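Below: the structure, in structure tokens.
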């Protein structure tokens, strides 16, 4: 409602501004009995954190997560997991010129207009820094999904006009972390890197896109109509900062395909169940998962904060001015956006797993509603 | 949660299957004092209804809406508006072959797998017939928005590889209803019509897309992060049956634009407020409306029900069979999808108008929270 | 949010005014595979309907429910169940004097003040007639609960100062429908009847209370803190029209008990699990069900519409007037409130059964998430 | 859903266990422009904190709140307010005997049964310590309400069989903090204190109740039916730990009143608007506020943790044992419950103020939807 919550049964609530004291995230609805440590979460945070390479902002944030609640002896207890991440390298001074002179196409103006004020340091709440919370929550979701045999992965499949060829899911898993761009196709990654550096040198920035895929999603996730898997994925992905397009399956291209070509005939799988011959439908039929891989793409526009000179209008002085955004900024978003997209995919899927009753909302390891005295505090893993 | 509800303050709840007795829709959260009649709603239902032209299904449904509650003396009372639309021309028999032999890429299989059963006549709940409810609710939303100076319109901008050039908002308003395709560019409409008929004759179907635009949306709609205007539009539009892509502003193309090119400089408008020089951002910045027109596109894949022979797997007999979907079906979806997309746009915007307090949730015409004895049952329009 | 929805996974949405065309209720979230007919629902509606005895209003409403969707071959399909109940005996004319002269302690004034208008016939949306929808939805919830071994029942335990002694659950089940008052203790029922008739003759009305009890509720329903079973029951019961108090367990009396006296020691049950020796805690500990019977009371104030002369203030004329409410009204609410309280109890419990994963949200009969090709449309009962 | 969230537009999310590292609370939906400091919140936390008198637990917690986000230059920014309160004096060792031997009538058993585990130190998440979060959030709600002229206050009106006479709202405001019991009637307070000490010495505990009242609530808050003001207050208050009864207006007593006696006639107020002669209806008619004071009572049972010997059943050893709860515990709950009840009242009312549009959800000081360039970051108070 107010924008700071995501999920229906697996509920994420976040706080924090880019240059505030701390970022924070509460995960309510994680079942009890999941083995979980700060390290599990840190791994994904490190993939998102600033300063990790030459093509990211140089802001130095360790992004160390501290879990404040919801864990006992290394296992979740079913109660909310409170997490806090301190902001350590905030230098707000550089943003002072923009307090009343909004940066072009940034959230500066709209936030100020809506709230009559805004936290102006580093973009405040509108900054993509806030996605550190999403990634923390997403790491927990991924761990739950992995127990159920659901694997998911994303990589950068386009930067500017440099487009990666299709890569296998295995390549995604193995190679998307091999380079700073997070593209699982090494030759393309090199080209992308070159292009990014070019724009970076010019004081400009460039757009790109992220491809995602999930395997092992069972048949039957999603609800009819307004809560279809595609609708909920649409919300999740369009919430990713700078996103201007969401597609799944054939995506935008589907407009040029005939029914006969796009339709996937049915055959039987080894277990004798109907299974589609192909997967042009992207793993979702009638809004509900078909058991085939779910895949799609998210387009992220170029970062709006650029050193190149731009014109803005100062609402206090009433004057037009030229401005250069000198802060430390990314020249391109997808490389750091990969774990964010994965997080939103994981959060969406884990929610549907809970909603469908496939995941016991009270505790992992058991059938829903089982009552088991052997399963108790001194024996959280039911051994 | 279960897929049958949309909206947070302007709440739509629907029921009904394609070949059931009736479709129904309850709108809760419409303020009191809005002049409303069945005719207001019927106009949009007629744009969506089947059998309206040669390029739609020949099923004959008058889609007459009957309002059961929430209106008194022609004005809304602030209590829920219950609407029922009878199904009159259902012929389920033709679907019997598909009960256990799912149509390719339709919801037949996934619904059956999820629920262990499904209403199989005409696609049951998974049928796009259900959007008749959305259009009914959307018509009320449009009326509320119009009072606030918000106008919105959609048209078909691509069918197969036939793409319309950009058209002005004025042309959208005036010409999108001029032809059966609902494309506001008459020459393109003719080409589209020809293409559709071609596929129809072949027993095939074809995809397409819908362009939408809203004008007069005030600055400041939308919430940070997960409830951004783009995220909520994403959910709304991805819920439209057969949708595989949602884009706003530059959409998918934004991946190839630089920051400098895409960023919209600021100037002052006549009232001395900052206003963007261009609108490459599509009316949304930082997830919040900028006051510029909101525009985007929705891609709809080709209808899956086609007369051409396809292979399916009958889970009862365990045999592969060839099937032809003989029922009455659309060869293309966008022409009837136009009012559906408009409805989802209107429902999303009216919800944000209520959430922002710009629309008084209790009654139109007044400032929120005003208490006014002159405004009473015998004087619903406050005269 | 707007008051017309109840439930989180088992979602009820209602419409309708006392003297409008029809009442309606949509139940979304009922799993597929439940055998269900209009007769199942009608039984409870008949217990609530007006004109059933001399101590209820004489308005003649058959309250015949018509199911419009969500059922196929006598079984639910997992899609929303739309129900409509026509209003047949509305005579609004008698309410005209009250349009601008609000009845004392009724919702006339507050509805008009909030919405600036109201449907004035028979109390419109504020009328307890609206609970016909709740009872319809509750009947479905009861059927689901019964499959899980959960039984629930209510009866009238006090009218004015006539209080029934404690009765056993077996007596509740067997005798609460034996008399017009719906008190399971026959001698008390006779006294109550006499008292009610006395007030009826005087043109006055009288308050009372309803006792409810649920058996077979498994251990572990309810969530910590804000969504405790007691909190959600509190909302459910306080929503019942005319309710001024909700109590469970020792209720209000608990204020006078010591910890030692109220605390229930633990022993072992036959299966070797801890079980409380007594049930002063009313089946809920720490907000979560303990496996013991859940019981409590709801107090309903006297009906506000009485023939006795009362003073009101006409906001149109600006004059004080004496008014007598001549319409057909109940002299006491609990007898017809019994099925309403049962419905709210059932709706609350079924929601928690779904939320805990004990009920498969997709279909009855199966473990959540099972995928089973034998369970299909031509075999809805999985035989 | 999972119990850790409260509120619809004014959204509270909490985390933390009694003996965990920290408690935390995120408030999302507080409008921008409210002057707010940690001191504002601390004042109420100090009223709830342990160790404040001889009749509370001796646990020593300063309960210092630290605001992590959502504030700039002393004013709220409209973005979520993250708050953290460290736990400093946790001594879990004393609870070890109870890990598998549940304390009578505590949440020990039900939490373990539900989650298969629990944080056992000091009651973990089921501990009333968690209400520190509620009080922190409630303090913000109170500040918002005060701006709108809404004042609210609670006091202890009964302990055991010692009952306070009715006190005026002015006395509530002035005298409820005069004594350790928090009873605004000094003579009764002394008696209560004596009674509490008596039970404390015996190693027992005692129940009691809290009276609450709100003044200045405008006409028209609350929604029809399921979201009536009374229903939402019912949920809020029944969530307060140890609560077994909620009443408003005449409460439980209403069952013995006739319609004629309970109904409040109408007269005109000085402004010529209808106003009730009395307030037996407790400020709520038809579920919606009437403009009269809202008042009611909450019954809290005796604390379950008592030094007196009790029998429990150890599910690990399978043996019955006698146990004495040696930890530091309150002999009575209402004195520290007063700020908790006030918090839940404030949270409920502020939510309805936002839902009704009376409070601008985006920022205080302005009419909803106003767009005002003078109101900006360097001028948060619009001066």
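In this document, chain identifiers A, B, C and D correspond to the written order of the chains, with residue numbering beginning at 1 in each.
The criterion applied here is as follows: contacts are C-beta pairs under 8 Å (C-beta built on N, C-alpha and C of every residue); 3 or more make two chains touch, one makes a residue touch a chain.
Quick caveat, the model's predicted, so the values are computed rather than measured.
Colleague: Identify the chain pair with more contacting C-beta pairs: A-D or B-D.
Modeller: More C-beta contacts join the chains of A-D.
Colleague: If I average the CA coordinates per chain, which chain comes out farthest from chain B?
Modeller: The most distant chain relative to chain B turns out to be D.
Colleague: Where the CA atoms of chain C average out and where those of chain D average out, how many Å apart are those spots?
Modeller: Those two chain centres are 27 Å apart.
Colleague: When the centre of a chain is set as the mean of its C-alpha atoms, what distance in Å lies between chain A and chain D?
Modeller: 36
Colleague: Return the distance between the CA-based centres of chain B and chain D, expressed in whole Å.
Modeller: Taking the mean C-alpha position of each chain, the two centres sit 44 Å apart.
Colleague: Which positions in chain A touch two or more other chains at once?
Modeller: Counting only residues that touch two or more other chains, chain A contributes 1-5, 8-9, 14, 79, 113-114, 125, 219-220, 224, 272-273, 315, 355-356, 361-362, 371, 373.
Colleague: Considering the complex alone, what residue numbers of chain D touch chain C?
Modeller: Residues 1-6, 8, 14, 101-102, 104-111, 113-114, 125-126, 130, 158-161, 199, 204-209, 219-220, 222-228, 230-239, 241, 243-252, 254-260, 262-268, 272-277, 280-282, 285-290, 299-306, 308, 310-313, 315, 318, 320, 355-356 of chain D touch chain C in their complex.
Colleague: Along chain B, where are the residues that touch chain C in the complex?
Modeller: Residues 1-5, 8-9, 11, 13-17, 20-24, 26, 28-29, 31-33, 68-70, 72, 75, 77-82, 84, 99-100, 112-120, 124-125, 315-316, 361-363, 365-366, 371-373, 375-378, 380, 382.
Colleague: For the complex, which residues does chain C have touching chain A?
Modeller: So the residues of chain C touching chain A come out as 9, 79, 218-220, 224, 272-273, 355-362, 367-369, 371, 373.
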